[in-house]
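In what follows, chain A forms one complex with chain B and a second complex with chain C.
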Partner chain A sequence: MKNETQDKEGGVSRRDFLALSAFATAILAGLGIMAGVFRFFKSDAKYEESRSFKIGKPENFPVGTATKLADKKIFVFSDDNGIFAISCVCTHLGCLVYETETGFQCPCHGSKFNMAGKVVGGPAPRGLPWFEITQDIDGSLVVDTAREVPAGTKNRYS
Partner chain B sequence: MNETDQTGLSKFAGNVKGLANTFIGSVFRNGKPTSDKTRASAVFNNFFLHIQGVKTHINTLRPSYTLGLGLITFFLLVIVVASGVFLMVYYNPSVENAYQSVKNINQVVFAGKVSRNVHKWAGEGMIVFLFLHMARVFFTGSYKAGREFNWVVGIVLLVLTFALNLSGYLLPWDQLSYWALVIVANIMQSPKELTDSLGLTKYFDVGTYTGNLFLGGSIPTKESLNRVYLFHVMVLPMVIYVVVGLHFWRIRKDGGMTKPDLFNTKASDMGIMVQPKKSGGIFPTHKTYGLMELARGKTPAVDKDVENTVMSWPNLLIAELAVLMFTLAGTLIYSYYMDAPLKEFANPLIPENPAKAPWYFLGLQELLSYSAFMGGTGLPGLALLGLALIPYLDREQDNVGVWFTSKMGKRIALESMVISIIVIIAMLAFAVNFGWLRNWFPEIPQLVITFVNPGTIWVGFMMLWSLCTIRRTGSTRMGAMALFVMFLVSYLILTYFATDMRGPNWDFYWSKSQWPIH
Partner chain C sequence: MYSRFYLSVLLISGLLVLAYLGFTAYDSFMPEWMSYQFEYRDYLTKNAKDDAAKKLARALPLEFTQVYLGEMNKVDRCTNCHMGVENPLMENTRLPYKKHSGNYLVNHPVDKFGCTVCHEGQGSATNTKEAHGKGHDTHWDTPILPLAYVQSSCAQCHDTNMLSKSGGDKVAKGEALFMEKGCKGCHKLKGVGGDLGKPLDKVGRQPIAYFTMKHIVGEHTVFNWLKQHFDDPRAIAPDSAMKVKLGEGEADLLTTYMLTLRPDEKPKSYRRINFNEPPVQNGETLYKSYCSACHGDGKKSLYDEVFKRTVPAIMNPSLLKVMDDTNLDKILKEGRTGTQMTAWKKTAAGLTDEQIKEIVTYMAANRPADRPEPFRLAEFKGDLSHGKEVYDLRCAVCHGTNGKGGEDMLGVSLRSKVVQKMIDPEVLAITVRDGRADTPMPAFGSDPFGMSKQDIADVVAYIKDFQSGGGK
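After this line comes the complex of A and B, so read on.
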């Protein structure tokens, strides 16, 4: 005599179905907990300075100057085509690059960049990022290091 | 008659008089170890000694076989834990106070400096002796014959030891700590190098997540120090205790230390050797097998190889005690003369030039200077995976317990050593003189450099050479021998090269004295 829980077409029995459902639920719950654990370690409050900051009026950056804002980790350049900001954090492992005659040099693992921040040697995987510059209502320039612009983006401000 | 006459008080007085003896008797249930039987139960009935057998094979006691390396590593761990507790008394894991409190330990606290030195050098000593122990186990073929998994456990211990050393030097919040935090976070972020060049970062940004996981943000802050401290003093030690316990337990369960099949005793062994009895004795030759033995099929030290053993008490214990004394003395003497380094207070605005990791990571740092992803994640991962898989890819079971397996093994080891020295020096010289792909093709995509750099080429060469050796000799053990020797040689040479020949800007110098003054 056939077990009444058995499906007539020979498919999954009720017992197997329930067992599988319970098993799948346990796996899903486990994955949910894992996701929660991973999310737990991603801190929401950051004890860091804002990544967008004022650097002063355009007059402070006359044409032909290069200014290093060490605590902000950027270089601000000004040439005939405009003002632009380049990161001084090496894209390899995060050391701070310094200026040389031909561009930038990283002290940690020897990455070299040209004046436009493009990699010309060493292990850095990509060029130094250029950051967006906007002008605030009071006339001072604002650099946002969370927003990159294509290398070569230079703007005049007055 | 006498007993009934005894009053309650005199019974009590008698108990007081015998207190010391009854207490000691309750701790050590058996009397003085005067016969083999009591010597056996002294080991067997003692919680701390029972992880050892009551009898030990003479080969295990031969200093020329084990060299005591694993035991030295374990004792160094004990020393590290003890000295670490002392340091925790005065160390304060906060960005403001960490550096000051380490200075306090170094300069003010009674015996603080020597405690810190002991902690530092015993920790680094663990790395040295772990490698030596691994080499001993490898060259005597002791990862075979049922011990495959314990080799893997050993690799896990290697990783844990590196992680403990790394998290340790992040704590003083000096220049080394700060810039190591930056560099390690960027290494953890380096999968981005791969996802960036494949255009996947938008969908699957695992690099940023792992970097943030480590720092608790995007730059080293008090959150980062908190996390590293938690790992160094709590999470990693707890894990390493459990894994060390597992490692020791498996030694016994896997059949004890390896020994050569053709084992010859020396004349000097006769005095202490236990002659096997044909009937009775501790390991009867006609033992009735219990369910456990039947289930496992093979049980160590039952019904075989009862020859050539000595009582563990006192022979093994004296040997172990001697190793402990030498380890302790060595650590103390070294720590008395050598001071653990402490650099200037962390300065987020000025990286050191050159920014060098402690010596045991400098080989990796050299690989890092070719590609962050490969040097920091890809190649170390591959090396660890390769090491862990050795016992499963080399299944030959002959000559276990013989140094270098055979005459051919010695030849292959020597040959691989010479070849790897030549190839790796030639490769370094090439990279130093002519630069690498980007110097010749400035427009080359990053993906090509990630996969084709001196590090990956070297690893590729090691694997090919080892496959050739297998083909040439028809033996997988010889292939493993070639691979392992080349791994050790490259670790040594890269470490030496990066320590002594890399200067400011990671440029090449013949020696430190040629570094430019700045």
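After this line comes the complex of A and C, so read on.
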């Protein structure tokens, strides 16, 4: 074993190099395993309804129409400036609002909203959110209820 | 310091773990579906019509997607590879991102129905092999259905009337064949049918392990078993007594129909079954469903190769001439013990009295108008010992020395409950005297046999004595 201690070209003896690299790989492997374990806490997919969904082609929403998609809990409006989607869940306690001539009305505690979803009366703490609409590659519109847009955002789609 | 040996072991195992981690990291960052998504995006970018479309295509996110169907308790991740199923631009491309054929998706959008509800397979899987569920090692009982059988899934929500008109013709044809070929003569379905074969309820969803797959060629799946069993029952199940006389393509249609027999019910919001038009059940359709598999058209007696016995001609005019409706009704209800003929009454094979009456009426339509000349058996006193002599000489050849008929015999059993207890001896005497046209049973009352009335009375007495232990 004499020659090993004599081999000092790189400043580290051969035995020291072996020990060093062995421990280094062990630590790296340990860290990798830890990272892998923590990776499991973040899921790629959840067993729940997707919050973004297709609502159909733009031509299904001609200018001047208001469509209530009850199962998705949104209103889809179309006017001269474009198409936009407003939530129909009251921000107070979650009842479904209905449309009136001046805006929206909640049947539960009387909250009132104007056409843009802004609170004009009742206990609702904030206005009805507007949701982002994008166009899918096959041409149909997609509403994402996880992404809100500022009230008044209207876009034309073809 | 540590020993060199242990350090080497640590180094090598550490390197192995790192290599494995590297492999899993690559696998999770670059899964199988990702490459299809790249190809899909490339195709769209290349074939974009204008700049806006090109921009849209470039911005297409490559990400994990799924269709969540809460009501059906399903998660389908097929769209990770089959990205273009709803995209009209993908009409003429290749699988997996090709557009779905036909207009099925118009009324069945992917985000409401998913894919596996019709195509089967394992929706939650994220690689091709597992998702398609093919091969023994995927341990998946419902592998992806071949296109020949995929219509079987339509019947989960649609009735045959609707399917026959729009896009489910194979199910409708399969069901018609199922009735016409007389499958229920031997197989019970919803409690009605014969008992020679296995009941067919839920057969479309039975686990693969319930089937003997030893002789199956190709993939061991339920639909392959059904198809190959229809092609040649005894090649798949050597002791099967099943009869099949199927034309070209009919095995596929019947397989499709078999696969519709599933126990699980889809949620009500998905079903479109209309029960307002129940199928017609008149004497003829009932006869086809329950009798024709063994008796054919009933005009001629048939020697059955599988049963190894003669199946009587039940619509033969000379039989109908002597048998009145009451006798036919009794035979249908009670069956013939000791033969393949099962008892069709409500408590056994499950036909209602009205249905049996329909069948009897249908059979009796062939009855000749003239009644047979009465024998007046009551005027003769049967002599058992002379009856035995006559029986051994004339009858034993076909009906067996013990009267059991059966295997390799032309004659039917004379010991069955029907012959012994239900049929009037007068009918027996007339049958011996006049024989039965179109069957091997000759008329013994005329030349060349020339049995006297007394001989016939003796032999009838001898046959009737079987039930009290005679003729052993």
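As a convention for this text, the second predicted complex is superposed on the first by the 110 of 158 C-alpha atoms of A that agree within 3 Å, B and C clash if a C-alpha of one lies under 4 Å from a C-alpha of the other, contacts with A are read in each partner's own complex, and residues count from 1 in each chain.
In the analysis below, a residue touches a chain if its C-beta (ideal position, glycine included) is under 8 Å from a C-beta of that chain, and two chains touch if they have at least 3 such contacts.
All values reported here derive from a predicted model rather than from experimental measurement.
Using the contact criterion defined above for the overlaid structures, shared-chain residue A:Ala22 touches chain C, although it does not reach chain B. In the superposed model, A:Ala70 makes contact with chain B only, not with chain C.
In the superposition on chain A, A:Val119 contacts chain B only, with no contact to chain C. When both complexes are overlaid on chain A, the residue A:Gln105 reaches chain B alone and has no touch with chain C. Look at A:Tyr47: by the touch rule set out above, it reaches both chain B and chain C.
By the touch criterion defined above, A:Cys95 lies against chain B but remains apart from chain C after alignment on the C-alpha atoms of chain A. Shared contact residues on chain A (touching chain B in one structure, chain C in the other): 47-48.
Chain contact summary for the complex, chain A toward chain B: residues 38, 41-43, 46-48, 70-71, 92-96, 105-110, 119-123, 125-126.
Every residue of chain A that touches chain C in the complex is listed here, in rising order: 15, 18-19, 21-23, 25-26, 28-29, 32-33, 36, 39, 44-45, 47-50, 53-54, 135, 137-140. Here chain B touches chain A in the complex through residues 179, 182-183, 185-187, 190, 193, 196-197, 209, 212-213, 216-219, 221-223, 349-355, 365, 368-373, 375-376, 435, 438-439, 442, 446, 449-450, 504-507, going by the rule given at the top. In the complex of the two chains, the chain C residues touching chain A come out as 1-2, 4, 7-8, 10-11, 13-15, 17-18, 21, 24, 28, 44, 56-57, 60, 64, 66-68, 70, 75, 77, 86-89, 109, 111.
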